[in-house]
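Each chain carries a letter (A, B, C, D, E and F) given by its place in the written order, and its residues are counted from 1.
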Amino acid sequence: MKKIEAIIKPFKLEEVKDALGEIGIEGMTVTEVKGFGRQKGHTEIYRGSEYTVDFLPKIKLEVVLPNDRVDAASAAIIKAAKTGKIGDGKIFVTTVDDSVRIRTEEKGDKAL
Amino acid sequence: MKKIEAIIKPFKLEEVKDALGEIGIEGMTVTEVKGFGRQKGHTEIYRGSEYTVDFLPKIKLEVVLPNDRVDAASAAIIKAAKTGKIGDGKIFVTTVDDSVRIRTEEKGDKAL
Amino acid sequence: MKKIEAIIKPFKLEEVKDALGEIGIEGMTVTEVKGFGRQKGHTEIYRGSEYTVDFLPKIKLEVVLPNDRVDAASAAIIKAAKTGKIGDGKIFVTTVDDSVRIRTEEKGDKAL
Amino acid sequence: MIKKFLLTAVTAITLMAALSPAMVHADDPKPDPGGVTTGVASDVPGFVVTAPAELSDDDKKDTNKVAAYTDAKKAFDDYTTQSKTEPLAVKLADNVGHNRVAINFMWTLVTGFLVMFMQAGFALVETGLCRAKNSSHTMSMNFMIYPMGMLGFYVCGFAFMFGGLGAIGTMGGYAGLNHEITLNIAGHPFGILGWKGFLLQGAGYDTAAFALFLFQMVFMDTTATIPTGGAAERWKFSAFMIYGCFIGTIMYPVFGNWVWGGGWLAQLGTNFGLGHGHVDFAGSSVVHMQGGVIALIFCWLIGARHGKYDKNGKIVHPIMPHNIPFVMLGTFILAFGWFGFNPGSTLAGTDLRIAVVAVNTMIASATAALATTLYMWWFKTKKPDPSMMCNGMLAGLVAITAPCAFVSAGGAALIGIIAGIVVVESVFFFDRIGIDDAVGAISVHGVNGAWGCLSIGLFADGTYGDGWNGVSGT
Amino acid sequence: MIKKFLLTAVTAITLMAALSPAMVHADDPKPDPGGVTTGVASDVPGFVVTAPAELSDDDKKDTNKVAAYTDAKKAFDDYTTQSKTEPLAVKLADNVGHNRVAINFMWTLVTGFLVMFMQAGFALVETGLCRAKNSSHTMSMNFMIYPMGMLGFYVCGFAFMFGGLGAIGTMGGYAGLNHEITLNIAGHPFGILGWKGFLLQGAGYDTAAFALFLFQMVFMDTTATIPTGGAAERWKFSAFMIYGCFIGTIMYPVFGNWVWGGGWLAQLGTNFGLGHGHVDFAGSSVVHMQGGVIALIFCWLIGARHGKYDKNGKIVHPIMPHNIPFVMLGTFILAFGWFGFNPGSTLAGTDLRIAVVAVNTMIASATAALATTLYMWWFKTKKPDPSMMCNGMLAGLVAITAPCAFVSAGGAALIGIIAGIVVVESVFFFDRIGIDDAVGAISVHGVNGAWGCLSIGLFADGTYGDGWNGVSGT
Amino acid sequence: MIKKFLLTAVTAITLMAALSPAMVHADDPKPDPGGVTTGVASDVPGFVVTAPAELSDDDKKDTNKVAAYTDAKKAFDDYTTQSKTEPLAVKLADNVGHNRVAINFMWTLVTGFLVMFMQAGFALVETGLCRAKNSSHTMSMNFMIYPMGMLGFYVCGFAFMFGGLGAIGTMGGYAGLNHEITLNIAGHPFGILGWKGFLLQGAGYDTAAFALFLFQMVFMDTTATIPTGGAAERWKFSAFMIYGCFIGTIMYPVFGNWVWGGGWLAQLGTNFGLGHGHVDFAGSSVVHMQGGVIALIFCWLIGARHGKYDKNGKIVHPIMPHNIPFVMLGTFILAFGWFGFNPGSTLAGTDLRIAVVAVNTMIASATAALATTLYMWWFKTKKPDPSMMCNGMLAGLVAITAPCAFVSAGGAALIGIIAGIVVVESVFFFDRIGIDDAVGAISVHGVNGAWGCLSIGLFADGTYGDGWNGVSGT
């Protein structure tokens, strides 16, 4: 089993979720995160003094799925999340040794 | 070393923490996440127009522990988090290559 | 490729970010989490009844980087995040099989 | 479904009644809906001298009655002749009377508006002290109790409470509300319930009656809002709506009639010589104690909120307020509204005691807030507790409500200090015996409402209150 | 850059004009800036008897005119002789008149303050109903409309609207604002615009004119704030500032002059015998319908917010309120301010009808809120909807604004119920046809403003309103 | 622990004193706690003619003194005879006087309530401008300053400030507070401190004195709340409580006595012919400048908040407001309360200048808010800054506070514009020199308070203010 961790722009969440839904991936977990990368923050002025806002709001999407579904899933995510502008985000794939569905204690791929 | 990532229902956090405490696991990190899975969201009505709330609040629990403690820990989590109703959540186990305690720079299992 | 997951004290974020910047690491993702460890929470009193606050606010920093940069990065994080008081946090290193930059679909180290 | 048709039918009938202009019995005093005839020379205290009532035959045997009669007759004759030589003065007197009544109207209305604004204060305090997930529910309860209570009071509550009030002295002396159902027990009249002015029609359709309605209605709403605080976070909205129907129609008006509507509690003085009978200037007992007791019953019946107590009743997780700024803004709004609550109860801007009442209210709230803060800080939890500061100030305000017009500033200060300490002990007490009161309503309003009533006897200094409940002397 | 210099130049000139003390034409009534001469015996209704105007020759042929003249003459002579024998009464009359005018001043000012506070209510309702990310923008729009509107009204709006008002009856009868531009069409005078009292100078620098300015200015600001709610979340701040310049200077005052400033809508009665002409006691049409219509145009022109509708106009994502407690606190502040809005429109604390007006306002708001809640709960969405409860109460308040002084409590209750149901239907209607109104301003103010005007005819019960717009009889 | 016993002992003694009814010296004017004798014929301006004081022998040599005496004597005799023939008029005069005093009481109390509500405004502005983690602390400071300040003022502050005030002209002329400690320097009396009315007892236990207490107390609390804003987020709560004890007892009353209590600053006019002496209608200097200066000292002493400045004093992280809607709601509440602050300072609803004062206050707040917004937008930061908009409006309100009764609307507009620009410059200035003022209190209250005082001289237009501080002529 593999885990896809995708960092995407917040307003893209709806599209990415639908894209994954279309290829039959129903389960995912989403976290609000703050990203810092080549997409620089911007400077703001408050009562005459400047300050930079460098952490930008992003969404981290985690999907655990069987190995054979990884490429299809990441392709779907890329297609939905891509705007071509800087800061579109990243996809990281890591190996998951085991997974369990708490409700039924099913293990492995069945648990997803 | 292994990392257990458990996605559980928010009101179960207290019980899972106590369950892990009983088997001597003191350290863990908790994140508020939004889950999407077989447990469908529900439709709400606001001023006459319907909208679906499909992301449900869940809690992600991360515990890094030596390999030999993994099974005991996940059993404890399952026992505490299980309600038998859909949406109880998942447990994912991944390998951690190394870990360091920042305060003392201890490495490996001693760092947990 | 490797992923460094650092759990640090919130007011240290600025310093850790600058420290990583100095050794050329530009991209990272930050999440607000709640930590539970040897650093016990403290008991508070509200209208005469006591309650313990056991989950303390922490920041989780995730940086994916090529294998040869891992040691330099974790050394930098430790130097910046260390206060010597309990609860400074942990660093976990895990392997990342693959990574993709959504904007350009570049793969592997080039994607970071 | 039947429930719906039932209710639509009831509303239709009440509206038919509301619209049909009920006639006024010939012999009843004529109501003045246009506000044209209210406020005349007779409202100028001590100006118009009225002819004394004719002596009955046996009265005539009583020499001092006869002497009193002749004096009054002479004064009346002098007045009549003199008013012929001073027609302009007499004409002017009508306007002076109208000005006086206008001042009293304005005072009653403006203070009434301030008391109405206290609804927002209660809503904020209760929502702030509860959890964020329940803020919409708590706010909506506080929001809907205002219209529900008002309509109940409009349909029949006002008629029950003030149906038999008699003349509204300060606002033009309109005496159309003159029908009190009275039981005669052991030769003494026991006023039970008023029975006039339903739907503010007929005898009720008079400017003075309307002003009284507004003032008394916002008082009723204060009582209605207190239980929504006590039993917050566990009250099904539909059950709450049913409670809303009864508070304004029956629960408040009946007790209100007994104390303020000329009912038997007020008649205790005249009937049984018990001083002035049950004295309550601005409603520590009628409004706050009643609200506190209802809150106590609800908290008791519904039981505590999940997770607060473990099996054997020890507090495991105190349920934390989610927004302290809301709580304090709400308390400030309540303190601001309370300036309408106490001084307004004179129903007369021309009664200059309002300055003393306002200052007493302020002083008591200050000493109570300070006493609670220091008591918590030094003797109880070793730390200043923001939510208790607010409960302290509110306790002071509730306690001073009954005695505010009868005590001096020093008395008000002392009442406040005791209220401040009593509220802390009673919050702890109710927590200990397992009654989960979300906002401390039982302690602030119930316990301190009682203390307010007691304090009148202890601290009244006789500078005000002559002729209260028909008994002369302060 | 030129834009900046242009504007600084304009401000400099206006300020020069503002400071230079404009002179007052000799024959015009003398303004009283120090408030010393306002409020004298002539303000005591029915006290001073003035000499009747001399009869012209042909008048003399008309017997009843002659008879009327002689009676008036005799009354005048009696009064003059009598006032010689009662010098003290006459001297006292000045003070009684001053007291009466002081009561009216105080009532107008205090109710004016209450209406000013409604700005905070509108700001909270609008900000609460929009998304958190726009809360600063929505609050700032609501904040800046207050000074922008005021300055526009100060520079020329007040002069346009009340330039030709004539005597301010209740506040000392100052008649300096006497210049109305009138068109003569088919022999009838059509008042179009006032033309006196610019920058509150010359004839405008009088205490009564200032009191009127304060009261009418906060009314204007209520109209100005409504569109900021309707078109919230998509209005560039600079475009909003431009709107701010025009609402106070031209848009509101012109229509206001026609209805309240003695313009042709008010003259419909005297000109064409259409009853009292356009009657609007407290501004359902002038303030609320105007605000609602402006909101409708803005929402239509700017279009809906992104994401709310999909291509073919079906609502996909209703944009959720981010803070219900703000919305309900705002609605309470508005209900509190409304006690200034309606009763204040008498501009007279001595007009005791204020009590009836206040109670009618309260009852209508209650029945409307209840009607909306039950209608939504039972017939529409099967669940109580907090935001609609607030819209319901506001709809009731808007609807009762025009008829409030002319109807009985029963009438007010019915107006409220219909308003409560109308607002629900109209919110759904506008959502369906794709006009995205962030806070329901069009339905609450526009539609219910219209309903308010209609309801006067239906429910007026003749107990008040004699001599309105110069036409006797109620 | 001793600290606790010490304090409980002190409270016990003060309460003993507070309760014991202090006796009133025989020759002192009798206080009227019940409000029964206040407001009589003598309160009707120009009605009662009092007998002139007997001439001393050498006076008799001065012919015009003699002539003046005879005229006064004749007027008195005419009045006495005439009042015999018009007994009804004289009787009526008492009621007209009572009505007049009641109007003044009501105005002073209602405006006093509005000023009390400003506490909530200050609390919201300060909490909104600070960080969320400190919201409880900032709110609690603002909450507790109200009772602390009040009790200090009640115990001795009021006596120090108004002990030697003399007759309270507008509210029944009670002159019991007649003991001012005066130093005689170079033949001129320098009033330093009042010494009567401690614990509102004896001479203090009078309705007029209580009304004055309420009004002046809420003014003192405004001064007390300003420093909690300036030095927010870094003030230990216990240290704050100690500050709270001194502001109401010593700091404010001493300076207040000099300006308003008949002290030497007010006597500058009569002593040294310096015009009317230090004129301050509603407290730009007494309240705001004093608050601003105290805030300056606290910010300076405590130093800046961590993280705002780097080592060499450059601003690295401006500390951002956490809740703009709070700030703007607070500013609206302050603007609403300010209608009580300025117009209320006449202590007389019958002084019709209140309308001009209210409008001037409004206009100045509008021009200031607009000036600040445009100045920031165009010249300083190229973007409208919500928090500066609020500071601008508050600066306008503070600046107009002193001149509000003496200037025309144009003058008020200009004072506002200058205040709006001055506040921006001074916020930037204090930031630059390293004084970290969390809410801009120093600039808004201190600097603009000074500007308010200066502006009286520049813009007064002589339509009001005759006889101010005992010097005739405007």
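Going forward, a residue touches a chain if its C-beta (ideal position, glycine included) is under 8 Å from a C-beta of that chain, and two chains touch if they have at least 3 such contacts.
Predicted, not measured: the structure shown is a model, and the values here were computed from it.
Contact with both chain E and chain F is made by D. The minimal number of chain-to-chain contact steps leading from chain A to chain C is 1. Each chain gets a centre from the mean of its Cα atoms; for chain A and chain E, those two points are 55 Å apart. For the pair chain A and chain F, the distance between C-alpha centroids works out to 60 Å.
Inter-chain spacing, taken between the CA centroids of chain B and chain C, is 18 Å.
Residue numbers of chain D whose C-beta contacts span two or more other chains: 85-86, 88-89, 92, 96, 99, 103, 106, 110.
Under the contact definition stated at the top, the residues of chain A that touch 2 or more other chains are 31, 94-95.
Pairs of chains in mutual contact: A-B, A-C, A-F, B-C, B-E, C-D, D-E, D-F, E-F. Chain B contributes residues 2, 6-8, 31-38, 54-55, 58, 60, 74, 77-78, 81-95 to its touches with chain A in the complex. Put simply, chain F touches chain E in their complex at residues 44-47, 79, 82-83, 85-86, 88-90, 92-93, 96, 99-100, 103, 106-107, 110, 114, 324-325, 328-329, 331-333, 335-336, 339-340, 343, 349-356, 358-359, 362-363, 365-367, 369-370, 373-374, 378, 384, 386, 389-390, 393, 408-411, 413-414, 417, 461, 463-464. Looking at the complex, you find that chain B touches chain E at residues 45-49, 51. Interface residues of chain E, counted against chain F in their complex, comprise 4, 7, 11, 15, 17-21, 32-36, 38-39, 85-89, 91-92, 94-96, 98-99, 101-103, 105-106, 109-110, 112-113, 116-117, 119-120, 123-124, 127, 135-136, 139-140, 142-144, 146-148, 150-151, 154, 172, 199-201, 205, 207-208, 210-211, 213-214, 217, 237, 323, 326. Across the complex, chain A meets chain B through its residues 3, 17, 26-31, 64, 94-103, 105, 111-112.
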